[in-house]
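All chains are identified by letter, namely A, B, C, D, E and F, in their written order; residue positions are counted from 1 within each chain.
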Amino acid sequence: MELLLDFLARFLAQLQAPVLAFLLAGMLISAVNSKFRMPEAIYQFCVFMLLMRIGLKGGMAIRDGNIMEMLLPAVFCVILGIGIVFLGYITIARMPGIKKDDALATTGLFGAVSGSTLAVGMMTLENEAIFFEGWVPALYPFMDIPALITAIILANLYLAKQKKDNVKVEIMPIIKDCLRGMALTILVIGVLLGLLTKPERVYDTFFNPLFRGFLAVLMLTSGMEAYRRLKELKGVGHWYVGYAFLGPLTHGMLGFGLGYIAHVLVGLSPGGVIMLAIIAASNSDISGPPTVRAGIPSANPSVYHGTSTGLGTVIVIALYVPLFLALGEMVFGL
Amino acid sequence: MEFHKIKKLTIVTETAILDNVLEIATNLGAKSYTLDRVSGKGESGGRFGYDISGILNSVRINIIASEETVKKIATEIVEKYFENYAGIVYLQDVEVIRIQSNKFGVSE
Amino acid sequence: MEFHKIKKLTIVTETAILDNVLEIATNLGAKSYTLDRVSGKGESGGRFGYDISGILNSVRINIIASEETVKKIATEIVEKYFENYAGIVYLQDVEVIRIQSNKFGVSE
Amino acid sequence: MELLLDFLARFLAQLQAPVLAFLLAGMLISAVNSKFRMPEAIYQFCVFMLLMRIGLKGGMAIRDGNIMEMLLPAVFCVILGIGIVFLGYITIARMPGIKKDDALATTGLFGAVSGSTLAVGMMTLENEAIFFEGWVPALYPFMDIPALITAIILANLYLAKQKKDNVKVEIMPIIKDCLRGMALTILVIGVLLGLLTKPERVYDTFFNPLFRGFLAVLMLTSGMEAYRRLKELKGVGHWYVGYAFLGPLTHGMLGFGLGYIAHVLVGLSPGGVIMLAIIAASNSDISGPPTVRAGIPSANPSVYHGTSTGLGTVIVIALYVPLFLALGEMVFGL
Amino acid sequence: MEFHKIKKLTIVTETAILDNVLEIATNLGAKSYTLDRVSGKGESGGRFGYDISGILNSVRINIIASEETVKKIATEIVEKYFENYAGIVYLQDVEVIRIQSNKFGVSE
Amino acid sequence: MELLLDFLARFLAQLQAPVLAFLLAGMLISAVNSKFRMPEAIYQFCVFMLLMRIGLKGGMAIRDGNIMEMLLPAVFCVILGIGIVFLGYITIARMPGIKKDDALATTGLFGAVSGSTLAVGMMTLENEAIFFEGWVPALYPFMDIPALITAIILANLYLAKQKKDNVKVEIMPIIKDCLRGMALTILVIGVLLGLLTKPERVYDTFFNPLFRGFLAVLMLTSGMEAYRRLKELKGVGHWYVGYAFLGPLTHGMLGFGLGYIAHVLVGLSPGGVIMLAIIAASNSDISGPPTVRAGIPSANPSVYHGTSTGLGTVIVIALYVPLFLALGEMVFGL
């Protein structure tokens, strides 16, 4: 009961937090059919600023950290990425009236990671002054790529079986495609720059201080987009709505659980555990969709794009970021 | 300066498959093309490119070449991609100024 | 794969009336269109879209449909808007690849 | 005499102020026919940054303020918006050789408000350390929308009478059109965010510190544009040149007068009075023109766009912002 | 409303010579044109406009005018520029809606 | 020996400096064929921010400085601009298999100046806390314009002689074309604003603090572009590769030498001497190429654009900025 009250208090507090408010404001802008559009160059630059900041910070943390500490969480990320897709394959993909390729595409995106949700998680933890290892957000690709690969392979195996075809899905091109996408390119380059050079000054004078502002701008844009994608969902089955609510909750819980194990075994910080839960809960909205579009051509983009970008992102930011924060605070007595 | 009758092929489709379309066109003999980004609406709904992921971006490809070449390209692309991807493909007559080079593979 | 003769309508006009033009086109039976932003010059002076207000933005609308449909659309738009708004409207012949769907409303 | 010297001193000082200097520099860039163009995405982002800052600040001020205080100034804004258009209708619209619809379109823009002039006014007052209520600039829509509606209605009534037509101009679509335009959307969303959430940190780390810089960039761009619009004005009657000089002066005086009444009756601060004068003097350059283009199709955009964006904005920033500042300082003994 | 047969000239070339091309077109009687930026590939290699200097930007110019006018423009531009600059020039038939003004210099 | 070790130490240090690291990271992004593109509006804005900062600072320095001090360095810039082109004319342009117009176009760009290399030089000196006169970078046009004019004239004279034509190359249109180009427009406007107004506050709150960050973004973009241009160079003769290595070294040495003379005669600071060497070593990558494309139409852009943007910029930033820094530190015992 007290837990619930605490959660509700946090949730209401978070709703006052501008990050979520900007997201909702963006939805409102689309809802009233405003002619205002955030210029494409600007939101791409927002994404660049956020992911470069995450990458630089991650790289610097890896440089100054202990690589052994990171190993287990990285392995857990891979497991989560693959596991989430299999979980979807035996749940949402089996529901009546659901096309298996649509479901796998969707579940691939929910296994993958959203850079902006990550950024929201970081900002939230920083606001609460909860420490987390800088390299945790940089684990992003270890969950993202395996999830997308698994989804694409399962979908193609399934489709081939339907057509009684032989199929051979090659993994390397998918990995390349992921890494060549905008989001992972920037993140990985950021990590390399943080790891191999000394970007402290440009980080301290540019990428870090502007982080909060550009996140607000990106949230506004994401909100505008989420609302537009929601409309696409109209024709789509209500199973996907359920998945968008329950999937991230389950994935985040799994992430929290594995994070807790890492906490016990290798000393992952409480903040790191919360972060891992948020990464697991988050769903891809920038670089996942094009990879899925290319890898599972027959899947209907309105379904997966709508479920992930329209519903998933908003739900995770509004509900599950505060939830896992509250959970972490209780479990670790923060 | 002569004007030479030839064909212009236009393909409007998803940016996601641009590289594949260009590869097919090149393999079937088109050495040159012009591209631009467009928005639009069709059977697959609105494609206004507002989304961060770029799933809803469309591209328009123009290829000026001999009728034979463009028909081969058009047929191959429609067969290979248009079951799953959004788009439209059409041909038009054009008269191209011919200069020294034999850019368009038209026999004299 | 068949190529089907049909018409392409192009309208270049002020972005200010884009929504109205698309509404008319939809009402008169055009289900699909392609858009892009253009600059230009004409009787109404230069329209290079540099202004913050967007008054000088132009848009180009392409609609591929039956001759009857596009002529109705063209006529209606010119009559309704071209006394006050800048623009040009023209038709061209195109051959569209026809696939399974009967996208263009052409009777078989 | 001393007043004049004081004004001249201030005017020369203001000319050294970079805000005006950037505007004039922009005009120079166009005058020498430079190939440099500010990318559209950038100046749209500038507009976004400025209006969001104005809105957030306004919203926070409303949240922390007394709603009763704001009522009278808001009513005065509505009166000014409508009054300015009627004033134009019985002056410039009656001049020989002037098309009534052109005149009404122009006068609608001069009744409406310019976000960038507003920002210049705020920066100027802040530079002089003159306090004003943060919600005053957020009164923007209360003058903007009534002015545009009045102009559109008067023009359509006039045109209908000419054609001996019946006309029914609907107000709601015009209000919607105004609110759906870029400028008012951002401003209103900013006010809501400031009012309902706690955006202090993102305001303090992003929107506020970058305000001065983005205003400079926008001024440069506005200058480039003003010069180009000036050329359009060539064919247009000299009455419009007169109107661009005398209109804003009169409107600003009316604004100052009503502001003074609010000062006496409800304690509007001296800075608030000056601000109200500047809002009234300013003329719309971003969202007004498209509304007018749609609402009065037969009016020649070269006339109203040229007069407002080419002449009005430059004149108000160069002459009338310092004038009303000087006036306020004298009247209130600042 | 009548539809009038006339020509559309398209020039795709380097942005570097846009001003010169427009000057020639204006001098030879074209009062109106439409512009847009495009990417592309041709004999001179890829022109995708990514470079900061803008050397690899391409522009597409459309001019709708009488056959005589557009042929003169096309010939002059190709002769003057196409030895050194990248590009292609072609003509198409269009039917323009004619309104009150005699925009296209077509004798009645 | 110690010199060499010192240089190597500096070089390795510089390689850790994020400016170069961002450049190399950009090359890596292109090398792995990533789909990430920096939006055009963003890198144009980066260029704007850097050149406006250089210009404002330069203008303020001129305002506060002694015009006589600047005269000799300015004259030296003109001499360098012209001299570099003539030097190229009697070296690279005479090599076997080299088209004279290609060579002159290239040498014109190497005589001209790169705004981004300039910015790198400034940042490097500022990082090392080495003072330089703020007006030195603003000498940019005095080297840039003469170099481009000389190259265009020589090329046209040569081509006319080939065709046994008479030729009359007009200088004024070339100067206008240079000044109307994006880079020089912004720089000159910045200088004027710095000189005639008091932009200290907007400089201190916007253009200066964001300098480092926008330089990093521009370096990343320049790296991406350099790699793409490198590919163009494939077909091109190896003479150009040699020129890209030896040209800037020679030009920088000449710049250093003349700078040293100015140090002795009019007291140019050690930092100013280093800066002059860097300006001389740098090669144009933004506004030079279009001027050359218009002025020497028959020259193959792959050659000069590839040599300058693909090779020259990277070489100068990676090798010669640290070299002239080390040289200056030794010569002046810093």
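By our rule, contacts are C-beta pairs under 8 Å (C-beta built on N, C-alpha and C of every residue); 3 or more make two chains touch, one makes a residue touch a chain.
As the structure is a prediction and not an experimental result, all values here were calculated from the model.
Student: Smallest number of touch links from chain A to reach chain B?
Tutor: Shortest path length, in steps: 1.
Student: Identify the chains in contact with chain C as well as chain E, in label order.
Tutor: For chain C paired with chain E, the chains in contact with each are B, in label order.
Student: From the centre of chain C, which chain's CA centre is farthest?
Tutor: Relative to chain C, the chain whose C-alpha centre sits farthest away is F.
Student: Among the chains, which one keeps its Cα centre farthest from the Cα centre of chain E?
Tutor: Most remote chain from chain E, centroid-wise, comes out as A.
Student: Same or different: at the chain A/chain D interface, is the fraction of residue numbers used by both copies above or below half?
Tutor: Different-residue interface.
Student: Between chain A and chain F, what distance separates the C-alpha centroids? Give it in angstrom.
Tutor: 42
Student: Cα centroid separation between chain B and chain D, in whole Å?
Tutor: Using C-alpha averages as centres, the distance is 47 Å.
Student: Could you grab the centroid distance between chain B and chain C? Build each centroid from C-alpha atoms only and quote it in angstrom.
Tutor: Distance between chain centres: 20 Å.
Student: For chain C, write out the residues touching at least two other chains, lowest number first.
Tutor: 36, 92-93
Student: Which chain A residues sit where two or more other chains touch them?
Tutor: 39-42, 44, 210
Student: Going by the touch definition at the top, which pairs of chains touch each other?
Tutor: Applying the touch rule to all chain pairs gives A-B, A-D, A-F, B-C, B-E, C-D, C-E, D-F, E-F.
Student: For the complex, give me every residue of chain B touching chain E.
Tutor: Residues 1, 3, 8, 31-36, 64, 92-97, 99, 101, 103 of chain B touch chain E in their complex.
Student: Spell out the part of chain F that touches chain E in their complex, as residue ranges.
Tutor: Those in contact with chain E are residues 37, 40, 43-44, 47, 221-222, 224-225, 228-229, 232, 285-290, 293-294, 297-298, 301-302, 305, 309.
Student: Touching chain D in the complex: which residues of chain F?
Tutor: 39-42, 44-45, 48, 179-182, 185-186, 189, 192-193, 196-199, 201-202, 205-207, 210
Student: Quick check: in the complex, which residue numbers of chain B touch chain A?
Tutor: Result: residues 14, 16-17, 45, 49-55, 81, 84-85 of chain B touch chain A.
Student: Would you mind writing out the residues of chain E in touch with chain B in their complex?
Tutor: For chain E paired with chain B, touching residues are 10, 12, 36-43, 58, 60, 71, 74-75, 78-79, 82, 88-93.
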